[in-house]
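Two complexes are shown next, each including subunit A; its partner changes from subunit B in the first to subunit C in the second.
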Partner chain A sequence: MAEEMKKYLHEIMSQIDGIHAVLITDRDGVPVLKAATESAPELALRPGFLTTVGMATDQAGKLGMGKSQRIACIYGKYQVIHFNRFPLMVSMIASSTANTGMLLGLEAELSSLVQDLKAAVDVI
Partner chain B sequence: MGCCFSNDDDKGSQVGDPHERTTLLGNPVSNSSTRPGCDDYGSGMKYPHNQRADEQSALNRILHETATNVIDVSAMNSHLEQHEYLDRARQYNQRVAATAQKYTYPQKRPSLLLDLPATEKNLSASPIPQKDLKLLKSACENAVNALQEIKVQHQEELVVQFGIP
Partner chain C sequence: MEKPLDRCLDEVFNTPGVTGVLCADAQGLCLSSKGTAHPRAAGVITSLMKQAAQLEPTADNLPVLRLESESCNILIQGKSEITLAVYKTPE
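For the complex of A and B:
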């Protein structure tokens, strides 16, 4: 069942040091699949945070450089990376010291999973 | 490529999507053939109603495009009610569970660069013995020497004459 998918997410997370959570949500921030460790900040897992990011991505697409593909925000303690995979959003929450390049590189590894999940979301 | 006059994929986005150089009043009004000009002022007066409707639709389109392009931070609030959120989450769960039944675990691709979760463990590991190091070095030196000694021996003439009188 979905546990297998979560297991895969956890396995990907284990490859990179400092990653706290991987969330695949729709544009409104409703989680489709998520995997998080205990160290993940609760705020970043809330729908309000994830919705705002989805909207911010749309707004950032209006800046004149075409649609935004990825957003990386680095805060004091955490960094949050988003991939825009319409109609889904992939959000990764990691420690600010985690390797950002490695996190961005996960997009390719997650692409097949996201593709499978897209089919589930498109029906609704 | 980003060169001037290049014909690559950027073209599509520049033609279709609005961008920083898109003029708001460029296409719909000024280029419209029904716009009253000096030359066809008389003919324009004959169809004032149609013309007004065209202008109105053009203006509406401009207004709509502008509204779409405006970066509106106040629209950042979620419109999703709590029960809607829960309903949708439940639906997703069901759908994902159905999808997961035929889900195949993706094959892990080999990667040259892997992040090491516990760096201190690797750094504190005992170094390789000197004997192995010597063996490695000598093997490498032999390989380098062998590579340097590769020579091409020509057997035949490189330039051949084709029956030139």
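For the complex of A and C:
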């Protein structure tokens, strides 16, 4: 089952140029599902990075504009897109030149997968 | 800040036969959209423009793309950092 999900993530990744990794984590940054290419920056795949993202999402939710849904951070070489799907988080790491709009559009494609994982996490 | 852009898109949108207009930046992020043009399409529209530009890399101007379907025609043109898509009813 997990292998199939991973395969599905790799399929989705192949649709967009410049995407390095897609990670589905829980609120604490513990990876539930991970798909990455060899070019993915190691730092972004570490739990420390992913935990910080969870905290950033929580803080962004305190700005008085409702619950934070997506966060897009664009750095010199990379861009990181996060979707908040409580209790899970989807993080995508891509090259800074990758099409941000396309990456944001993946949210709909990933929703069914996240929904299945959510059901599994809720049971645990 | 975006008022001049909105005014410009309104002008296009009010043209007979036009059902939607979308403007996106080079990153595929939607700057503004009207009517049937969904903001989520911004990424795909920018990507199509970039792919089409690769067909003639030496050309001075970016090409105009025309996507035809039964219910809608979409015209896409890019200029430097901006891509504009116009959704029209088929003639």
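Criterion: the second predicted complex is superposed on the first by the 124 of 124 C-alpha atoms of A that agree within 3 Å, B and C clash if a C-alpha of one lies under 4 Å from a C-alpha of the other, contacts with A are read in each partner's own complex, and residues count from 1 in each chain.
Just so we're on the same page, a contact is a pair of C-beta atoms (placed from the backbone, for glycine too) under 8 Å apart; a residue touches a chain by one contact, two chains touch by 3 or more.
These figures come from a predicted structure and were not determined experimentally.
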| item | value |
| --- | --- |
| Partner chain in contact with A:T52 - subunit B first, subunit C second, else both or neither | first |
| Which partner, subunit B or subunit C, touches more subunit A residues | B |
| Touched partner set for A:D26, first subunit B, second subunit C, both or neither | first |
| Partner chain in contact with A:L104 - subunit B first, subunit C second, else both or neither | second |
| Touching both subunit B and subunit C, residues of subunit A | 99, 102 |
| Residue numbers on subunit A that touch subunit B, as the complex places them | 1-5, 8, 14-17, 26, 28-33, 47-48, 51-52, 55-56, 59, 62-66, 99, 102, 109, 112-113, 116-117, 119-121, 123-124 |
| List of subunit A residues in touch with subunit C within their complex | 74, 99-105, 108 |
| Residues on subunit C engaged by subunit A in the complex (per definition of touch) | 24, 27-30, 40, 42-44, 46-47, 50 |
| Complex interface listing, subunit B residues touching subunit A | 13, 17, 19-20, 68-73, 75-76, 78-80, 85, 88-89, 91-93, 95-101, 103, 105-106, 109, 113-117, 119 |
